[in-house]
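Both complexes below contain subunit A, partnered by subunit B and then by subunit C.
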Partner chain A sequence: MTMHETDSPDADAPEPTADSDRTAEASAADSEGTALAREMTAEQGGETVELAALTKRYDSTVAVDSVSLDVAEGEFLVLLGPSGCGKTTTLRMVAGLESVTDGSVIIGGTDVSRTTPQNRDVAMVFQNYALYPHKTVRGNIRFPLRKTDLSDAERTRRIESTVELLDIDDLLDKEPAALSGGQRQRVAIARAIAREPSVLLMDEPLSNLDAKLRVRTRSELRDLQQRLGITTVYVTHDQEEAMSVADRIAIMNDGRIEQVGAPEEVYRDPNSTFIADFLGDPSMNIVSVAGENTAGATADGLVAGLAAASPDRAAQVGIRPEDLYLVDETGGFVEDAAPEAASSVYECPLTVLEPIGRAYELTLEAGAAQMVARARTVPDELRDSDSVRIAFDRDAVYAFDRNGGRLR
Partner chain B sequence: MSLGERLIATGPNSYFESPVERREALLGILLILPAVVLIGAVILYPLAYNVYLSFTDVPLNPNQSPQWVGLSNYVDLLTSGQFWSAFSTTVLFTVGSTVLSTVIGLAVALLFDRQFRGRRLVRGLVLLPHVTPIIAVAFVWQFMLSPLWGSIPSLLADLGLYSSRVGLLQRSGTALPMVIVFSAWRNFPFAFLLFVARLQAIPESMYEAARIDGASAIAQFKDITLPELRGTIAIIVLLRGIWEFNAFAQIWLLTRQVTTLPILAYRTAFANFEQGLGAAIALLLFVIQILLVIGFITLFGEDSV
Partner chain C sequence: MSWLTIIAGAARESASGVRLLRQQVRRDGRLRRLGFYVSLGLTLLVSLFPFYVMFITSISPDDAIYANDPSLLPEAVTLKQYTVLFSSETFAFTSYFLNSAVVAFITAMFSLVIGVIGAYSFTRLEYPGNTIIRRGVVVVYMLSAITVVVPLFKLISVLGLVDTRLGLLITYTVSTLPLTLYMLWNYFESIPVAIEEAAMLDGYSRVETIFRVIVPLSLPVLVATFLFAFKIAWNEYLFASVFLKSQSKLTLPIGIEQMNANFSNVWGQIMAASFLTTLPIIVMFLYLEKYMVEGLTAGAVEG
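The block that comes next holds the complex of A and B.
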């Protein structure tokens, strides 16, 4: 076929020697399981992943549109986006499960765009775990090891150290049907990392877990990835999950990457109204300040105030719900925290007051627009259809142009 | 506590706590009564009557009542070579056509487990052997197998495999294999349907995981497809086994050279008019079958069936 086929064994060549060193070291520390696990983590590493103008077209629709992305060795990169944005297709192209229409996937410096999945040295954790239901946990973890040129003893050692690492050693002889969702998830991860692949791919691995377990597992996942130092590409539509695990987040929309950056960076410094709207719950309030619609709305102070706090050429302005502050009659802030650059105070009719446990969400009328504010405390006597006094943080106003691009 | 235990513990009068419950129960009984009566009349009564007949000698004159002969019908049968030869023919036929139709059904289902143009149309066509009236297809097969103008003997002769002047269906040595082939051809769509449905339910991601793990197509079939189909195979083999064991029409319409137990029972009762003996054969058929089913389920496990 292509020359990549012949290239890849050369690229892999140093690995077996590293493996055999490890075996020698391992037999010395054989008695101590945790030592094994620790040692395995120290040795396992990752390769870089590079996507160059990667494109996937189905007949007339373009699922992935010229995506370029560099993932560093050992980096935890999250592909985040709404359903249908092409993130899973991108991941599947990296895995080799989906053919590449155009562009290339480069793993560890080798172009693998036309290489079969098993020759890419990647492992994948599926949304539904895809465990083999008739095999025991041991059989499941052993399955990918069968195709490696490891000795039987080495395979057994790998299985042992992996289950040790994931704390599932007591499940080895059970079948997947007998396991809980969280346990299955761990087995799926164990199966993926036992082979010590250079890249770990995860397709919404936590979405089948209940909310509490999901939160716990994602921090464990992050911890595991840090210890293994394995390059990880992770797909999710859950922004909170993405924020908590990622080194960097690539936000996708409509087959394109809209922005790549550290979690804090993409949240605090969105490139476009799409990202500003997509990240954050409740999402950012974005209102138009130019055009006929708002010309008559000058009577509304809040929108006018926001417009005044942003550059003149802004067509849309945005403010996050947590950057709107309740002000009491005396002009003091209801909460202790006050913004440094507080705006003047505006009076807005309140349409809905919604307690959401640790905070309140207030839906306000600001002229023709609706805005959501989030407050940790509200005055006791506040009811729906009252009117509230609002100030905003002038430093937290985002300005966008007509097409939704960010103005800085 | 099961309903039975409660009934025994409390007695029927105090079991139903309120009049409402009692009325409910009465209504329930009333509603299932027609079905119970119908099953009793068309299944249980004939079955019981058959058991009775098998211990008698039935005279041809309908005005004379059957004569009780005890176990003599059974003794006659179990010591006759005819019965045992029919029994072994039945077993050969059942095993042969069940295995063949299951294997063909699986093979065709695997071919259909992918996208191709016109898949739905072809899938409908595959079902034709099973849905065409058996009398029609049996005559077509007889025609095809005819020693004078049949295409199959002619083809076999061209290949040098067949030279006899006696037809394939007319010689007992070749009639049984032909009947097995015909039965497998007629019934593979049944296995095909069940396999196609089950294959579609196997999550694609399992195969994808196997591909990433480097499993070849054969390994994927052995490690994923086959274990996933285990229960389906068990149910197909069980049902087909029962049906083939009782098969009458697909043999009788094709040839008179293959005598299985159902055909022996029919001949004994309605050609030789030894109805007591025929009833005994039918009953033995029933008992053998129950034993086979129990054996099968113990072997395969109740869960998979």
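The block that comes next holds the complex of A and C.
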């Protein structure tokens, strides 16, 4: 399927109508285009990318600190992290736009750390698209092709198949200034993949789109990448975006990679409080269970219960909002889904009850700490209540040491 | 630096004063419009009247020019002043014109090419001395020609370039460069670096990127820069009058000045020569202006 703006591909299926001539013609053109697109899909591929102790230092600050990472052929890897964590610098070093202080970038088994960008055979989609304003869409897509050893006819065919793939055939003769944000984005992607580079780099490509378009485009991006099988390194600070497109996510903080893994894995099995806190919205409730000395002194029931469910050496414990369950007066769970290893029931003061569309967020007081619980349904009587009965899933308690490292 | 703050304060005060004045004037639309047209008229009068007199004089016969009651409207029209200019044995107008054209054109081209490369390096490359050179350019631009003419002459004579076109070309290129560099580097700074990075990732070297992306994107400012450099070299008087000696190499401003000094009662021809000197600049500007305006709007769009 191509990246359609609005229609689903099925909507294009020809139907016997009064103007069947036109429909037949359109479908013929369609299938020809699809054939081109299919051919293109088959041709594409990717190389492996290996970062070995990659480091970038500016004067006194270390932007990227000894990052090592292997990206497999055709893999969609997302570099995720808060702003200033070094993810974009890492990407730019892969592209060759930033010099490497130490370590190396290896693409397809060749060390390219000292190779100029134009000789690395990587393509990049920039945050602000960076289209050539003085060229038409066709000119923009043709520009990288002129540096390949394709014949003119092949270049033209490549342009056709690429615009077909991205559903921007009707924009070919327009200039970037006349395009909407979403269209520019497609053109930028078309320009990047037309050359069939061995690695595709994307630097927050969706951040300039509005929220709805962003969500739609990211699934299309994922779909496109899957079909082309092109090795992709994608930078974003949006964890939801990362979760939805990535094969694997590398989470960066302070110039280092904190954890690499499949989206589900890093979410379910975080290595540190940083990752536990960074992934998930609302983020994980992390409370410190004061050490041995003060045990029980300040911790109220819920925190003490969490502490009891984790190893003794735990300095902090965490629980995700969706692993806290509402319990009614009779001791039964409000929702059908009940945890297997439910804890005992705790009564907590309720400070805020906030509907967020498909669910509710409840802010609770647990001793000195605040916790957020998420519930799909909330009993009516709770709306006026100032306390709530809570149980948690004992299997879903995370324990961390004093430095934020995970205890397993 | 206290005097700077005083000046800044004064500027602020006068700006708010002007604002107040404008607000009061704005209340009366007719008064405001009147003020606008009066100032427009005055500006046009001051800038166009000499040009008008120059043109009228150049098409008047000698007896009308030297009449006791000169008129602002031509009574008789003649092209004699122009024909004399081109047929004169003693006054080589055509040769002066060609000299000026060659010197101005080559100066503008040199200045543009060196300006593009230099301004690009200022905005995009990091090298030791970048900032100092950049500031130096601005400082040099502030120097007036008369203060450097003597040391420059000394330099030119040491190089053995007195009374050569090359000496003039070098001097003009150097003296137009600060302006060229300044205009170009301000424009280059407005071009997003990502566009260049995209070109490099698309397989182009830095030099290719300059000429295939930066130059096309900067066309309007390149045209403007060329025009300014051309105009400066075309009109330049001081350096040419000091560096040149032989008749065959003189440029127009010197030629016209010599005509005034060597002949008497040739005002009609002087005015005709002056008019022909002004003409190329005006024609060039009218012709190239559309590129400047067109390009400026197209280039302003961020990709």
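Quick note on the criterion: the second predicted complex is superposed on the first by the 365 of 408 C-alpha atoms of A that agree within 3 Å, B and C clash if a C-alpha of one lies under 4 Å from a C-alpha of the other, contacts with A are read in each partner's own complex, and residues count from 1 in each chain.
Just so it is clear, a residue touches a chain if its C-beta (ideal position, glycine included) is under 8 Å from a C-beta of that chain, and two chains touch if they have at least 3 such contacts.
None of these values were measured; they are calculated from a predicted model.
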Check your understanding: On subunit A, do subunit B and subunit C fit together or clash when superposed?
Key -> clash
Exercise for review: Using the superposition on chain A described above, determine whether A:L97 touches subunit B (first), subunit C (second), both, or neither.
Suggested key: both
Check your understanding: With the two structures laid over each other on chain A, which partner does A:Q118 touch: subunit B (first), subunit C (second), both, or neither?
Key -> both
Review point. Looking at the overlay, what does A:A177 touch: subunit B (first), subunit C (second), both, or neither?
Key: second
Check your understanding: First (subunit B), second (subunit C), both or neither: which does A:N128 touch?
Key -> both
Review point. So, A:I159: does it touch subunit B (first), subunit C (second), both, or neither?
Key: neither
Exercise for review: Mind checking 6-14, 60-68 or 276-284? I need the stretch of subunit B that runs into subunit C in the superposition.
Suggested key: 276-284
Practice item. Could you pull out which residues of subunit A sit against subunit B in one structure and against subunit C in the other? Key: 95-97, 116-118, 122-124, 126-128, 130, 132-134, 143-144, 147, 191, 195
Practice item. Would you tell me which residues of subunit A are touching subunit B in their complex? Key: 95-97, 116-118, 122-124, 126-128, 130, 132-135, 143-144, 146-147, 191, 195
Practice item. Give every residue of subunit C touching subunit A within the complex, in rising order. Key: 192, 194-195, 197-205, 213, 216-217, 298-299, 301-303
Exercise for review: Note which residues of subunit A are touching subunit C in the complex, please.
Suggested key: 95-97, 116-118, 120, 122-124, 126-134, 143-144, 147-148, 176-177, 184, 191, 195
Exercise for review: Using the touch rule from the top, collect the residues of subunit B that touch subunit A in their complex.
Suggested key: 203, 205-206, 208-215, 223-224, 227-228, 230
